[in-house]
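Have a look at this one.
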Amino acid sequence: MQLGMIGLGRMGANIVRRIVKDGHTAVGYARREDQIEEFKGELGDSFQGATDYPAFIGLLEKPRIVWVMIPAGATGAVIDEVAELLEPGDIIIDGGNSRYHEDIRRAAELRPKGIHYLDIGTSGGVWGLERGYCLMVGGEADTVRHLEPLLRSIAPGVDAAERTPGRTGDPSPAEQGYLHCGPAGAGHFVKMVHNGIEYGAMQAYAEGMNILYKANIGKILTDEHSAEETPMEHPEHYRYDIDVPEVTEVWRRGSVVASWLLDLTAEALHADPSLESFSGRVSDSGEGRWTLHAAVDEGVPAPVLSAALYQRFSSRGESLYADKVLSAMRKAFGGHNELPSK
Amino acid sequence: MQLGMIGLGRMGANIVRRIVKDGHTAVGYARREDQIEEFKGELGDSFQGATDYPAFIGLLEKPRIVWVMIPAGATGAVIDEVAELLEPGDIIIDGGNSRYHEDIRRAAELRPKGIHYLDIGTSGGVWGLERGYCLMVGGEADTVRHLEPLLRSIAPGVDAAERTPGRTGDPSPAEQGYLHCGPAGAGHFVKMVHNGIEYGAMQAYAEGMNILYKANIGKILTDEHSAEETPMEHPEHYRYDIDVPEVTEVWRRGSVVASWLLDLTAEALHADPSLESFSGRVSDSGEGRWTLHAAVDEGVPAPVLSAALYQRFSSRGESLYADKVLSAMRKAFGGHNELPSK
Amino acid sequence: MQLGMIGLGRMGANIVRRIVKDGHTAVGYARREDQIEEFKGELGDSFQGATDYPAFIGLLEKPRIVWVMIPAGATGAVIDEVAELLEPGDIIIDGGNSRYHEDIRRAAELRPKGIHYLDIGTSGGVWGLERGYCLMVGGEADTVRHLEPLLRSIAPGVDAAERTPGRTGDPSPAEQGYLHCGPAGAGHFVKMVHNGIEYGAMQAYAEGMNILYKANIGKILTDEHSAEETPMEHPEHYRYDIDVPEVTEVWRRGSVVASWLLDLTAEALHADPSLESFSGRVSDSGEGRWTLHAAVDEGVPAPVLSAALYQRFSSRGESLYADKVLSAMRKAFGGHNELPSK
Amino acid sequence: MQLGMIGLGRMGANIVRRIVKDGHTAVGYARREDQIEEFKGELGDSFQGATDYPAFIGLLEKPRIVWVMIPAGATGAVIDEVAELLEPGDIIIDGGNSRYHEDIRRAAELRPKGIHYLDIGTSGGVWGLERGYCLMVGGEADTVRHLEPLLRSIAPGVDAAERTPGRTGDPSPAEQGYLHCGPAGAGHFVKMVHNGIEYGAMQAYAEGMNILYKANIGKILTDEHSAEETPMEHPEHYRYDIDVPEVTEVWRRGSVVASWLLDLTAEALHADPSLESFSGRVSDSGEGRWTLHAAVDEGVPAPVLSAALYQRFSSRGESLYADKVLSAMRKAFGGHNELPSK
C-alpha cells in the first residue's frame, strides 16, 4: 500500500520508515529538496518525494492517502490547502495533536466533497520507530478498514505485550496496537484522555520521589522558634538518605507501580542522578488542558488529572500573583511580612 | 478578676490591655525589667509584673490563673517549669498555637497534681485589641466556667456581629465570642480546623484573583508554532484588563463572597495595587498541616484544604525536585528538553 | 429614569422594587396578565407592564433600556427577538448568568445596528432586595455612564460596608457596589470568577466542618484486624463531640474566617443542626465550570476552585465508574473484593 | 539457608514456596496443626513447622531468622512475644505493612538485646509467587548482607525486566529486585511511598476512563432550562460511545501509559466490561494515609497523591456531611433546595 506523508519530522519520518520496512511505499512532502534526497538515499525506490503540494499529490495513487503529521497549530491550514487538490474518494488523515473539535468540524466540511477524513491519535514519541506507535483512530468504519494494512505496520503488533489472559482467537485490532474508537474526533479524544492520564501518572511518580528525596529533612536541625514557624515534631522520623535512582530501579521488578514510564525514569536517573540537567520548568501541550475541559463539560471529577496540570503551571511561575495575594492577606490580618529579598 | 500572663508579645499584651480596660487586673511576666515598667506606665495600678517565675507566681491571687502566650515551640518547657511552682486548684492556660495532642498529654500530667489545664485557641491577630479575640476553649467545664468573666472581656462580645436570625434570649457564650468546645485539646482542635479553613478560603480568593489578573493573556500574540506548545484557541476571549483591586472593593458589598478576609485584601490592594512589596513565598504554620493530619486520620476528604497548603509549599520551591523528575520523563519518552538557563 | 425588565422572577422583580423605591419607574414584561396586575397593585403608577414584546417596547421611553433577567439557557433567543424591535441608541442588558463568550458575540452582532449591549453580573441572590445587588458590568463606557442612576439604586451603596481604610474623597463606583469591569463580557467574566471563588470558599468551610463533625471517630472502637484495614493509631486523639453549629456561631466574631457565608451557615445550622433536611447532592451551575475553563486556557493553577467543583460532581455520584475501576484494579493485583451489597 | 516464617497466609506462604524452590529450607509457625501438615505435604523435607512459639524457635538454626508476615495491627504483639525467646545475634523481620515509625522504635528496643531487626516492605500481592516480590529493606547493612541469599530467592531477579540502558557489569541488588534503603524504617518508608504512588497512578487511570465512559453525555438531550442548571453548550462534542475495555487493551502496546496496572485493568475489563461486580466503595490501607502524613511533615506538595486518597474516602460516603453543608449554604443565599428524596 502507498502512504503520502506531509511532515517528515521525527514522528512522520519514523512512520514512513516503519511502513517501508514492512513492504509498503511512501511519498513524502518536505519543504527542502535535500530532505527528500536524504530519505531517498535511506529508503531507495520505496520512497518518492516532492517540495510542493501539487507535485506531491501527483505522485500518489488513487484513492490517495495523505497523512498530515505536523505541529497542531499549523495543521488546519495545511489540510485546507491539500484538500483543495484532492478528489472524491481520497483520504486525509490528521495524525498530529489537534483538538478533536477540529476533527468534527473538518470531517463535516470534507464530507460533501467526498473526501474521507480520519483523526489518528499517535502515541510513542521518540520510541515509536522501534516499539511501534499506539494508534487511536476516529472516522468512518469503511475508511478505517481500508487503511488497516498500513495501521498494522505502524502499530506495535500483538507481540509487543503478553496477551491479556482470557483473550483468545485472532487478535483484535486493539491487541495489535490500533483501535477504531468511533466517528470523527474519537481518535483524538481517546489520545487526549491518554495524555491526561499520562500527566497524572507522571505526577504521581514525581510526588512520591520528592517525598523520598526530602526524607532527610529531620537531619537539618533548627533551634529557632518563632510564631511564624512551627518546629518539626518528630525529626527522628525524617533522617533517611534514600537513593532515589536505585529505588526507581528496584520498583521495576515485581512491584505494583512497574511501568514503561518508570523504566524511562530509572534510565534517566541512572544517567543524571541529581537531575541537574533540568530546570524544573515543565511544559504542557494541549491535550492535558483539553482533558480537563472535557471532564468539566461532562461533569466528571478529575482531581488528579487537574492537579497534575496545575503543578506544571506552577512550575513555570504561574501561581506567583496568587501567592502574593496570600502574602498580602497574611500581612493584613497577622502582621506577617513576606517581603521580596533585596 | 486577676490574670497572670506569661509572654507580653503582641497578643499577650493586647489580651492584658483588653481585660484591664474591662476592670480586671493583670500580672505579667517578661524577661526584662523595662518591659514591665513600660506596662506599668501604660496600665497603672491594674498591672504588676516580674522577671522571674517565682516572683511572678508570688504576685498572683489563689487560685492562680496563668495564661501562657508564647511561640508554640517554647510553650512546653515554660508550662513544665511554671507548673512546678503552682498548687492544687491553680489554673494554667495554653493560649498559643500548640498542637492539641500536647494538650491531651499535659492535662493528663497535671491532673494528678490538682492543677487545672485549659487550651484556648485564640484568633484575631493584629486586630484583636480592637475587635476582640475569638476564643475556642478546651478543658473541664468547671474551670471554663470559673474563667468566664475574663473570657467575656477578651472576646468580641455579642455586638461584634448582627445576631443570627432565630437566636433569642440571653446570648450564648458562642454569640459572645468564646466557646467551650470540649475536653482537653478541643480548643486547639477547633482553632486548628479554623486555620485550615482560613488557608482554603484564602487560596480560593487568590486563585480567582489570579484568573482575573491573567485575563489579558490573549493580547499577547504568539505566531510561533511548535510541537511543544499549542497555540491559544480563542485569544479573543482573554483580552480584558481587569482592575483587580477595584474588583475586590466591589465584592465587599452585596456579593456572596463578602468577608473580613476580603475587606483586608481590598485594603492591601488599594495600598499596593501591584503587590510588588511581596515575594510570593508564603509561609505556613502548624495548624494547616495538622488539619490535614486530622482529615487523613479521620478518613475525611479535604481536597481544598490540602491544595491550599500544597500551593504554599510550592510557592517556596518545594516542588522543584518533582518538577525535574517530570522534565526527565518528558525528555526520555518525547525528546523534550527543559534545560536550566545558562 | 425608566427601566424595562424582561423576567419578573425573584431577581428581576426585586431589582424593579429597588429602583422604584429609589424614585425611578419600571416597565415589566411577563407572560401572564395577572403577574402584571400584581406588580401594579404593589408599585402603583411607577410600574407599567405588558405581556407581549411589541407592547412592552411601546411603553418604553427612548433611548430604551431593556434588562433581560431570565435563566441562562433562554436568554439568547429572547435578546434576539427583542433586538429586532429596538432602534439605534437603545440599550439591552443581559443581567443573567450567561457565559461571557456570548456577550462578546452578541455585542459584536448588535453594534452595527447601533444597539448598545451591556452584560451585568449580578450577585445577591435572595437577599438582594434588602442588601442590594453587587453589579459587575461589561460594555462600552458611555453606555455604563448613562445607566449609572439605575446602577446606583440597584447596588448596595457605600454604607453597606465600612469604608476601606485609605480610601478618601467621593466613593468610587466600586465602593457603591457596581463596577465597570471592561468591554463586552467583562461583567460576566468577573461574576464567573466570583462564583468560582464562592465554590472554593464554601468547600473550605464544608471540609473543615466535616473534620469537626468526625472528631469523635476514635470513640468507635474496632477490635478487628485485617490486612485490608489498618487500625487507627491514636484513637485517643479523636474523642471529641464538637457542637458544629455553635462553632460556626463563635467564628462569626473576631475570627479570621468571619464572612457572610459563615453568617448564613450559622443560621442554617441553628435551624437544622443535623442538616437532615438536605440530601447531600449538590448542584453546580455554569460559572464554576467556566471558571475552570478560563483557568486552564490562561494556564493559571486553580487547584482549590477545581477541587470544589469536583466534590460537587462526586456528591452526585459522578465518580462511580472511576471508583469501580479502582476496585477492579485492587482485586486484580491484591485479591481485594469490593463487591456490591446484595 | 533457613528461614522461619510466622504467618502462612497468602504472602507468607508464597515467600516460603519461593525460597524452598530455590534450595533453601523453611520453618513455619501456624495456629493449627493441619496448616503445618498441609505445607509439609507440599514442600516435603524442606519444611518444618510448629504451632507454638517456643517449638517454632527450637526448630531454627542459629543465628535464627524470623520473618513475621501478618496483618499490621497484630504485628507488634507477636514481635514482642517472639523477641523474648530470641538470643543475641538472632534476626527478626517485619515483612508486613507496619508504619515505619514502629520500626524505628522496635529496632531501638531490640538493639540492647543484641537482636537485629529488619523491616522489609514487600510488593507483589497475589502475583508474587510467580513474579517474585519487590523487596524494600531497612536496617543495619551487615544484617541485610547476611540475608542476601534469601532476598535474592524471594525477589524477581534481574531477568524480570529488561536491563536499564547504561547499566553494566554485575547487576546491583536493585536490579535483582531488592534494595537496602537505609536504617530501621527505611524499607517500610519506601514501600509506603510506593503505595502512595500506586494510589495516584490508579486514580489517574480511573479518572481518564471515567471521562471516556461519559463521552456520550451529549446524546442525552435536555430541553429543560432552569436557573439551577446550565444547559450543555456543545452537546455535539460529547456523542462518542467509547469501548473502554478495548481502549485499555490498545494502550498496552506502544503507548506512554503502558504499565502492569494497565495490563491488569485490561484483563479485569475484558472479564467484566461493565464492572457490575463492583460496588464502587474503595478501601484504603494505611500506606496511602501515611504517605500524606510524610508529605505534610516534610513540606512537600502531594496534590495528586492526596486527591487519590480523598476520592477513596468520598467513594465510601465520607463527604456526606460536607456536601450537606454546601446544600445548606446554597439554600441560605440562593434559595436552592437540595432536599432528600422521599
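Note that the chains are named A, B, C and D in the order they appear, and that numbering of residues resets to 1 at the start of each chain.
By definition in this document, contacts are C-beta pairs under 8 Å (C-beta built on N, C-alpha and C of every residue); 3 or more make two chains touch, one makes a residue touch a chain.
Molecules present, by chain and UniProt name: A, B, C, D = 6-phosphogluconate dehydrogenase, NAD(+)-dependent, decarboxylating.
Just so we're clear, the structure is a prediction, and the values are computed from it rather than from any experiment.
Asker: Please state whether B-C or B-D has more C-beta contact pairs across its interface.
Answerer: B-C is joined by more C-beta pairs in contact.
Asker: With chain centres set to the mean of the C-alpha atoms, which chain is at the far end from chain C?
Answerer: When every chain centre is compared against chain C, the largest gap points to D.
Asker: Between chain C and chain D, tell me the centre distance in angstrom, where each centre is the average of that chain's C-alpha atoms.
Answerer: 44
Asker: Please report how many Å separate the Cα centroid of chain B from that of chain C, as a whole number.
Answerer: Each chain's C-alpha centroid was found; their separation is 29 Å.
Asker: Roughly how far is chain B from chain D, going centre to centre by Cα mean, in whole Å?
Answerer: Those two chain centres are 37 Å apart.
Asker: Multi-chain contacts only, two chains or more: what residues does chain B have there?
Answerer: Chain B, residues with two or more chain partners: 125, 203, 205, 207, 209-210, 214, 233, 256, 260-261, 267, 289, 297, 299-303, 307, 310-311, 314, 318-319, 322, 333.
Asker: So in the complex, which bits of chain A are touching chain C?
Answerer: Per the touch definition, chain A meets chain C at residues 256, 284, 289, 292-293, 296-297, 299-303, 306-307, 309-311, 313-314, 316, 318-319, 322, 333.
Asker: Hey, which residues of chain B end up touching chain A in the complex?
Answerer: These residues of chain B touch chain A: 9-10, 71-74, 97, 99, 125-127, 202-203, 205-207, 209-210, 213-214, 225-231, 233, 260-261, 264-265, 267-269, 272, 275-283, 285-286, 289, 303, 307, 311-312, 314-315, 318-336, 338-341.
Asker: Where on chain A is chain D touching in the complex?
Answerer: 100-101, 104, 123-125, 128, 131-136, 155-158, 160-162, 164-167, 172-179, 181-183, 185-186, 189-190, 193-201, 203-205, 207-212, 214-215, 217, 232-234, 236-243, 246-247, 249-263, 266-267, 270-271, 291, 294-295, 297-305, 307-308, 310-311
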